[in-house]
Amino acid sequence: MLAQAQGVTENKPIVGMIPQTRKRGKPPVNLVSRQIHPENTVIKVEEVLFGGPQFVVIAGPCAVESQEQLLATAREVKSSGAAVLRGGAYKPRTSPYSFQGLGVDGLDLLTLAKEKIGLPIITEVMDGTELAVVEAHTDIIQVGARNIQNFSLLRQVGQSQKPVLLKRGLMTTLDEFLMSAEYILVAGNPQVILCERGIRTFETATRNTLDLSAVPILKERTHLPVVVDPSHAVGDCRYVCPLARAAMAVGADGLMVEVHISPETALCDGQQSLSPAVFQTLMDDLRLMAGLFHRVL
Amino acid sequence: MLAQAQGVTENKPIVGMIPQTRKRGKPPVNLVSRQIHPENTVIKVEEVLFGGPQFVVIAGPCAVESQEQLLATAREVKSSGAAVLRGGAYKPRTSPYSFQGLGVDGLDLLTLAKEKIGLPIITEVMDGTELAVVEAHTDIIQVGARNIQNFSLLRQVGQSQKPVLLKRGLMTTLDEFLMSAEYILVAGNPQVILCERGIRTFETATRNTLDLSAVPILKERTHLPVVVDPSHAVGDCRYVCPLARAAMAVGADGLMVEVHISPETALCDGQQSLSPAVFQTLMDDLRLMAGLFHRVL
Amino acid sequence: MLAQAQGVTENKPIVGMIPQTRKRGKPPVNLVSRQIHPENTVIKVEEVLFGGPQFVVIAGPCAVESQEQLLATAREVKSSGAAVLRGGAYKPRTSPYSFQGLGVDGLDLLTLAKEKIGLPIITEVMDGTELAVVEAHTDIIQVGARNIQNFSLLRQVGQSQKPVLLKRGLMTTLDEFLMSAEYILVAGNPQVILCERGIRTFETATRNTLDLSAVPILKERTHLPVVVDPSHAVGDCRYVCPLARAAMAVGADGLMVEVHISPETALCDGQQSLSPAVFQTLMDDLRLMAGLFHRVL
Amino acid sequence: MLAQAQGVTENKPIVGMIPQTRKRGKPPVNLVSRQIHPENTVIKVEEVLFGGPQFVVIAGPCAVESQEQLLATAREVKSSGAAVLRGGAYKPRTSPYSFQGLGVDGLDLLTLAKEKIGLPIITEVMDGTELAVVEAHTDIIQVGARNIQNFSLLRQVGQSQKPVLLKRGLMTTLDEFLMSAEYILVAGNPQVILCERGIRTFETATRNTLDLSAVPILKERTHLPVVVDPSHAVGDCRYVCPLARAAMAVGADGLMVEVHISPETALCDGQQSLSPAVFQTLMDDLRLMAGLFHRVL
C-alpha cells in the first residue's frame, strides 16, 4: 500500500483552512471545516459507506428513458460492481426544446429498478416543489451544478433526512463550493457528499476541465466525502476511464460515471456514456488499483 | 496489470485528430499527428527513454542557486530514483526585480552536477541568443510556458540536435500546443517532449489548474511523449504528491517535480518544492504503482 | 448624431444567428431570435420604455436595509433622473452567515418607496415559492445571475404577467443566455430584458470582467432589450462611471447601477455603490452623450 | 464636455496601486506607477502625441501583403483621419503553415508607404535578432500579445530609442501587464504605450473578450498611455465599431484598428478587418464624440 494514499503531503503544517465567520466574539461556525470536525464524515446509504475505506462507484444512465433501458443498465452496472444506481428523472437542459426527463414516471422506474436490482438510487432534484416526491423515490438527493448557488434549494435539502450529493458548479471556486455545502449543514442536514465534475475554462477539447486538484484540497479543508464525475467533465467516453483511474489515485472517495446500455441511441449525453463492456473493464482496473490506495470497492 | 492503462477508452472509433493542413492537393503535413506516425516516438537521453515503458521522473530545484544547493539536491533526487536533474539557470520572472537566475554560472554548476552525480540535465532556454551556450551544458532543452508561442525560439530549437521539452502555456489550447510542437518538428528536430503544467482559470485555490485530461487527449492525437509538472500547476507542495500519482494513473510518460534541499530558504518557488524526504515517499509510491500501469521507473 | 450608433457594422451581411431548433419538419421555434421577430421588442413599465429610444437607468441600493435608507436613496436617484428604483429584499449570498435581506419587510418598504417617490420598482426573486409575493410588490421581476439556469424558476416567471430582467450568469455563454430567455418566452411571457453584468475570468483586478461585446452581439441576435450592470461587474465604485458611459456608447438600452445614500455603511456591496453625488455626475454625463447616440434619458 | 471623462470616479480616495518592490530599506522602484510619476507620460511620434488630449487612431492591414494593398489602404486610412499606419511584416501565427509575413520586403514596403503617404509606421518585432532591421523601418515598435512575457525581447526593446506599443497577453493580469512594461522602462526606454486587445475566456461568440475595465484601472495605476485594439478582441468586423466607440467613452487614449482595402481577400484576419468605407464612418462617429470626451482626433 502507498505511504500517503489518502493524505496530502506532510511537508509543512496544514494551513489555509477556509476563513471562519466570526461575529462579535461568537465562535466560528463553519460546520464543513475539518478544523472543527477533524474526523471524516462517513455517510451510510443502505450498505454503502461514503467517506471511509470504500471507493464508491455510482453508475447508470444520464436520464431514465424507459423500463428496459434502466433495468438493463442497472443489471450491468451492478454485475460490474457499482454500488449505487444513478438516473435522471428531472433533467436540467440548456434548451427548453431538449428532452427534459420523464419526471414522476422516471422516479417510479427508479423505484422499480431498486426493487428488481437491489442498488440504492441517486437522482436529481431541480426545485423545492419536487423535493417531496424525489425524496420518496431516492436514497441520495443530487443537487446539480447549475443549482450550486440556488440557496433556496440548498436550504430545502438541508431539511431533508436523506444524504445530498452536491455538484460543484461550472464557475464555483472551492471556497464557494464549501459555502454552498455549509448552507445545507446549517439547515440541519450533515450528510453532504461533494462532487467535482469539471469547471469551465477556455479549453474546448473537453466539455469542461476536470479539476482533480480540488480533491486533495477539499479533503484537507473539509471532513465531507468527495467524489468525482469524469463523464460530465470530459464529455467524451474515450477519456473517462483514464480520468476515473486518476480520480482514485488523487484520493477521491468514489466516482460517478455515466453508463448506458446503448450509448449511441441515448436521449441525453450519449457521447460521454460508457458502454457496459467498457465500464466492466474500468471496474476491473479500479479493483486492481484499490489495494494500493487503501481502498475497497 | 490494468487492461487499459496506456490507451484511451475503446468505446468508439478514434476520431477528432487535429485538423490537417491541406493546400491545393498537397498531402497533410502535421508531423506531430499520430495519424501519420502511429507508433510512439521514443526519445533517448543517455540511458533514459521517454515515450516507452519507462516512467521518467525529472526532479531538482526550480533555480540553480549554489554548488552546495544543487549538488545536495541532485544527490538526494538521484538516490530516490529520479532519472533526470532539472535546474533553472535563466529564470523567467514576472517582475524584473525578482531573482533572474545565475546565468552561465548556473549552467556551469549543472555541468558539474552531471559530472559528480551522473544524471542527465534539463534546463530552460529563454532566448535564441543563449541557445548555443545552453545547448552546450544541457541534455534536454526546456522551452517554458511563457515562450509557447515564441515562434522564433521554437524555430531555433527546431534546428538543435538536442531533445526539447515544451511546456504548455497558461492559455494554450491543446490544438495550439500541438501546433507549437509542429514548429519544432518542421524545423528539423523530431525530439519533442510535451509537458502539461496547468492552465489559468478562475480558481485561486491553486496557482494554476492542472488539466490531466490533456494527457489522454494528447496521447491519442500525437506520437510524442507527454509528461506532467504538478509543481507549477498547484503551486503548493502539499498537493503535489496526490497529483503526481494521478499523472501516472492517467497515462503520462513521466513527471517533472521541483525538489529543494531546503524548501523554506529557496530563492524561487519554495512553497511548491518538495523536501527530499517527501520526494522519497513519492518515488516509493510511484514504484508501487508502476507495475499496475505497465511502467518501470 | 452618430451614423451607426444603434446598429452593428454594415460591412457584411448579418449571419451567425443562434442555431434554430428543428424537429421532424416543424418550423424553428427560437422565440428570442431576431430572425423571426426583426423589430425590437419594447417593454413598457408604467411610463418607462425598454428597447426604444429611451436609455433607461435603473438605480438604487444593493439591498433594502431600512425605510430611511431606501427612501433617501430613492429620492436622490429620482432627482438625478433614474427611471426605475432597484433594491433587493431577498439577497443571494455566498455565505449563509451574510445578511440575507429583509424579505417581506423589504418588499413592503419597496411598495412604500413607490408610493412616496413614484418610481417603478425592480427586485429579485430567488425561488418560485416567493414569486407571488414578489410579483405583488414589484413592477419588474429580477432573476439573478446565480439562477440563470434555474429552469424551474425560469418557467415560473414565464407564467407571470410582469416583465422579467434576466441577468447573465458568471459563466454563461451568449447562446446559453438566450436559451435561458427562451425558457421564459416559451412559457408565455414575452417581456424579457437581458442584463450583461460581467463574467468570471482569471483577472482579479475587477470582481468580474464586464463583457461589453455582448451588447452588439445580443442586439444582433435577439429583439429583446439589453441593459448593462457595471456595478457588479467591476465591483469598485471608482470604475463604474467610465464603464457606464461605455455601455451607452456600445449600444445598450440602459443601465442598472448601485447607489447607496452612504456607501461606507452599506450592509451589502458598499464598495461598488456610487454615492448620490457621483451618480448625479454620471447622469449629467449620460445626458450629454444621449443625443449623439440617438437616445433620450 | 463631460464632467469626468478622463478620470475614474471620485467617490473614494484612490488606493490599490500595484504593490511596490521594497528590498531592505531601498525605495520602491516601480517606474510604471503613477504614484511615483503622477503626470501622464506623453509620447511623441512625429506630430502625433499619445497620452495627451489627442485620441490617436492607428489603422491599417493586419499583414503587409503587397505594394498595392498597403498603399491603397494607407491612402484610405489617412484620408479618414488615422494618425499612424499599422502593418505586419513579421506575423506570429499559430500554425507554421500559415502565411508568416513578407519579412524585410514588408518592412521596405512600410518605409515606401511612409514616404508616399506620410503617416508614421508601427510594426511588430518578434525576436531580438530582427530588432535592428525593424527599428530602422518603423516609428513605433510593437511587441505582440504572445511575447508579453518574452523577457529577453522586453529587455532588448528597452534599449531602443523608439517608442514601444506593448500588447496585453491573452491571459495576462493587469499586474503582470504592468510588470512587463516595467521590464522595458527599467532597461532604459520610458516610451511605452499599453494596448488592451482582449483576454481569453470561456466565451466563444467573440475571438477574445475585450476587457474595457482595464482602461480606467490602468490609467489610474500608471502614467503610460493606454490604447485599445477592438479588432483582435472581437475578431469580427461587425462588432468593431461599437467597441471602438466604447473605448473612447471608457477613457482610452487611442485605438488600433485593422482596415483592409479588400477584407474578403486578406491573407490574414480578413474577417475582423474593416473596409475603408466602414472605417470612414467610424472615424466620423469618433470625431462627433471627441469633443464630449475632451479629445481631439
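Just so it is clear, A, B, C and D label the chains in written order, and each chain counts residues from 1 on its own.
Please note the rule applied: a contact is a pair of C-beta atoms (placed from the backbone, for glycine too) under 8 Å apart; a residue touches a chain by one contact, two chains touch by 3 or more.
This one's a predicted model, so the numbers in the text were calculated from it and none came from an experiment.
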Set B-C beside C-D; more C-beta pairs touch across C-D
When contact pairs are matched by residue number, over half of those of B-D recur among B-C, A-C or A-D in A-C
Note, CA centroid farthest from subunit B's centroid sits on chain C
Cα centroid separation, subunit A vs subunit C, in Å, comes to 34
Dist(centroid_CA(subunit B), centroid_CA(subunit C)) in Å evaluates to 47
Taking each chain's mean CA coordinate, subunit C and subunit D are separated, in whole Å, by 32
Flagged in subunit A as touching 2+ other chains are 171, 175, 200-202, 204
Among line, ring, star, complete and other, the chain contact graph is complete
Subunit A partner, complex, touching residues on subunit D are 200-202, 204
Touching subunit A in the complex, subunit C uses residues 21, 23, 29, 92-97, 126-130, 146-147, 149-153, 169-171, 175-176, 179, 182-183, 186, 200
Touching subunit C in the complex, subunit D uses residues 1-5, 8-12, 14, 171, 173-175, 199, 201-206, 209-217, 220, 233-234, 237-243, 245-251, 263, 274-275, 278, 281-282, 284-285, 288-289, 292
